[in-house]
Amino acid sequence: MSDHVYKHIELTGTSSESVEAAVNGAVARAGQTVRNMRWFEVSELRGHIEGGQVTQWQVTVKIGFTLED
Amino acid sequence: MSDHVYKHIELTGTSSESVEAAVNGAVARAGQTVRNMRWFEVSELRGHIEGGQVTQWQVTVKIGFTLED
Amino acid sequence: MSDHVYKHIELTGTSSESVEAAVNGAVARAGQTVRNMRWFEVSELRGHIEGGQVTQWQVTVKIGFTLED
Amino acid sequence: MSDHVYKHIELTGTSSESVEAAVNGAVARAGQTVRNMRWFEVSELRGHIEGGQVTQWQVTVKIGFTLED
Amino acid sequence: MSDHVYKHIELTGTSSESVEAAVNGAVARAGQTVRNMRWFEVSELRGHIEGGQVTQWQVTVKIGFTLED
Amino acid sequence: MSDHVYKHIELTGTSSESVEAAVNGAVARAGQTVRNMRWFEVSELRGHIEGGQVTQWQVTVKIGFTLED
Amino acid sequence: MSDHVYKHIELTGTSSESVEAAVNGAVARAGQTVRNMRWFEVSELRGHIEGGQVTQWQVTVKIGFTLED
Amino acid sequence: MSDHVYKHIELTGTSSESVEAAVNGAVARAGQTVRNMRWFEVSELRGHIEGGQVTQWQVTVKIGFTLED
Amino acid sequence: MSDHVYKHIELTGTSSESVEAAVNGAVARAGQTVRNMRWFEVSELRGHIEGGQVTQWQVTVKIGFTLED
Amino acid sequence: MSDHVYKHIELTGTSSESVEAAVNGAVARAGQTVRNMRWFEVSELRGHIEGGQVTQWQVTVKIGFTLED
Amino acid sequence: MSDHVYKHIELTGTSSESVEAAVNGAVARAGQTVRNMRWFEVSELRGHIEGGQVTQWQVTVKIGFTLED
Amino acid sequence: MSDHVYKHIELTGTSSESVEAAVNGAVARAGQTVRNMRWFEVSELRGHIEGGQVTQWQVTVKIGFTLED
């Protein structure tokens, strides 16, 4: 196991469908500018209510990725 | 953005199906007595086990709603 | 309500599908060696990313079960 | 286990005698206006000091009760 | 010091001016329906940004008040 | 002070009487299978309500014990 | 309500009897050197186990007192 | 409500005047390089003392902004 | 940067005016007996309500100061 | 990445030398009865003082290991 | 003390040797792209176990640096 | 085990060498004015960066000592 350094970024993904879809959205968006993502950790789980119903899941994740040497 | 005041209530929704269904149940029940709900935040995620299987998801949410003037 | 004593164990279940499946996996595995499981509480929600996508949900749960007299 | 929704309220009970008496006082008072209380959780344990002695135990509890359909 | 029971409610006050004004707004609004308020505790301090500037302070407070016998 | 290793287990003791009795119950039950217990730490203090009264104190403790070499 | 300044000190009281006795012991000892104590808050609840039994309750409290002008 | 992804950055603003000015400074500086800022959340409130007086307020904020598609 | 040791003390300052004034009051009072104060950190933000209005801000701060050799 | 289940155990390792040695001691002791250990996480860092000097580092770690199918 | 704005980034450094070496590695790597680093704060201390031994220390740090005007 | 009362003080030790040396420094300095120190607990682990390198470890510890009767 070589001694890499990892960086963390924090994003909030959103979805009208599910917690999982919100996380997938955040990871997909991060992948447009970051390579070598390795793990995520959910730090907050919130949502939007409209007309008496949950209309959006908002999931905040920390994403860790390997910094290239 | 006008200067509203929001109130928070805390409920636990339950579902045999999923985390999302448990939250939806809590929000739907709250909507019977509260208007103008705006957001929720999950504060606890627990469940019941029976016969060696998860039989109920129990999700505690704080719900915020606008207080009318 | 008789005065039982409960023990807690902590496990991480994993699934490529969903948060719920990861918890179900942890509970099913625990049931191979522990009887009388009663509840669980999620203490951490993480996951693995590969090729720019979430490939595994990793959900850490505390499971409580009744100790027999 | 049917899929109820539970509501939480937070109170501080006080007693010159003990932690338990302070909780009992909070639960008894809540019972004047709330039915179907099911559990409590202590979130803060404080007290008042006068004349160099503890004169009051102040115990903050969250009480959960079943919302009727 | 007689053994009262106190109830807590949680509100978010908002103001375009300051933290203090947001708290004052929450307390004033609560006072329309609650008597005998005694203390508050700030649990969250957030705000809204628009056009690159803070346009609203959002302060969440728990307010404690004496329940009458 | 020799360099021992200690293990922690987590249990919930219950009692209809008091916080102390609930802890004593957990420690006594743990002592049936664990030797050399050294300390405990309360991590959660909850209870059951029935008929508008506290009928059970539920105290979760971490217990530390010396692992024999 | 005049604008006093309060100082906090943290002590651990111990007792073979109860949580309350341990707090009382800490407050009594603090009173030997500090005047105008006003409140306490429990920050940790631990204990010692010997011979398979709880032999000492160890309760850590923060004590607040008025600083004289 | 379309399904955006938001990114969070953390900054510490400083001011010799007030908490609000320190936050305003952090948001203004962030706006030099980030567009579409939406909200902030205070995570730490510290300060510098010199000559026995507070000479600087240091407020750490998380700022959330919309990532463009 | 020489290797000093710093001590922390915790105080609650109060003010009828503002959060900043309450902190200033605590720091000024501490300066009557402590030299070489270097920083503070707010750990709690509470207040007193009377007649339906905030009459006192109560801000708890940890103050760090250099111990002289 | 196959869908394993992991179990966590918590131990306190001790050493008169260093934090690292205390962790190494806990992991070595755990390895006498547990196979397939994968990671650890430090949850508490304490120590013993005697004669005015640190005589023992006490590091509490959670250790995760793969449960075999 | 002029009113700078500081930014925080979070990284995980790794080392087979020690906690300090892991932090040094993270700081050194950050210094390749960031100037004016001022402080760090450890937020998580974990590690990897292989063959029953700690093979890697993983230390997560928040690093603060001055933003140039 | 007689029923002593313990007091806690909080200090930050610093060292250019290691975490352990910073703690040792804090304990040694405390021992100039306090007798009967018994244990410490690390509550914060920070450091100073200069010229792109860690130049100082800053470790905050709570130290507990027995109060004489």
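A few comments on the model shown:
In order of appearance the chains are A, B, C, D, E, F, G, H, I, J, K and L, and numbering begins at 1 in each one.
Criterion: contacts are C-beta pairs under 8 Å (C-beta built on N, C-alpha and C of every residue); 3 or more make two chains touch, one makes a residue touch a chain.
What you see is a predicted model, and the numbers here were worked out from it, not measured in a lab.
Among the remaining chains, those touching chain H and also chain L are I, K.
For the touching copies chain E and chain H, the fraction of interface residue numbers used by both falls below half; the interface is of the different-residue type.
Inter-chain spacing, taken between the CA centroids of chain C and chain G, is 38 Å. We define each chain's centre as the mean of its Cα atoms; on that basis chain J and chain K are separated by 22 Å. The multi-chain contact residues of chain L, meaning those touching 2 or more other chains, are 18-19, 48. The set of touching chain pairs reads A-B, A-C, A-H, A-K, B-C, B-D, B-E, C-F, C-J, D-E, D-F, D-G, E-H, E-I, F-G, F-J, G-I, G-L, H-I, H-K, I-L, J-K, J-L, K-L, using the touch definition from the header. Listed in rising order, the residues of chain B touching chain A in the complex are 19-20, 23-24, 27-28, 31, 37-42, 63. Residues of chain G touching chain F in their complex: 18-19, 44-49, 52-54, 57.
Chain contact summary for the complex, chain A toward chain K: residues 1, 3-8, 62, 64, 67. Across the complex, chain D is touched by residues 9-16, 25-26, 29-30, 48, 50, 55-56, 60 of chain B.
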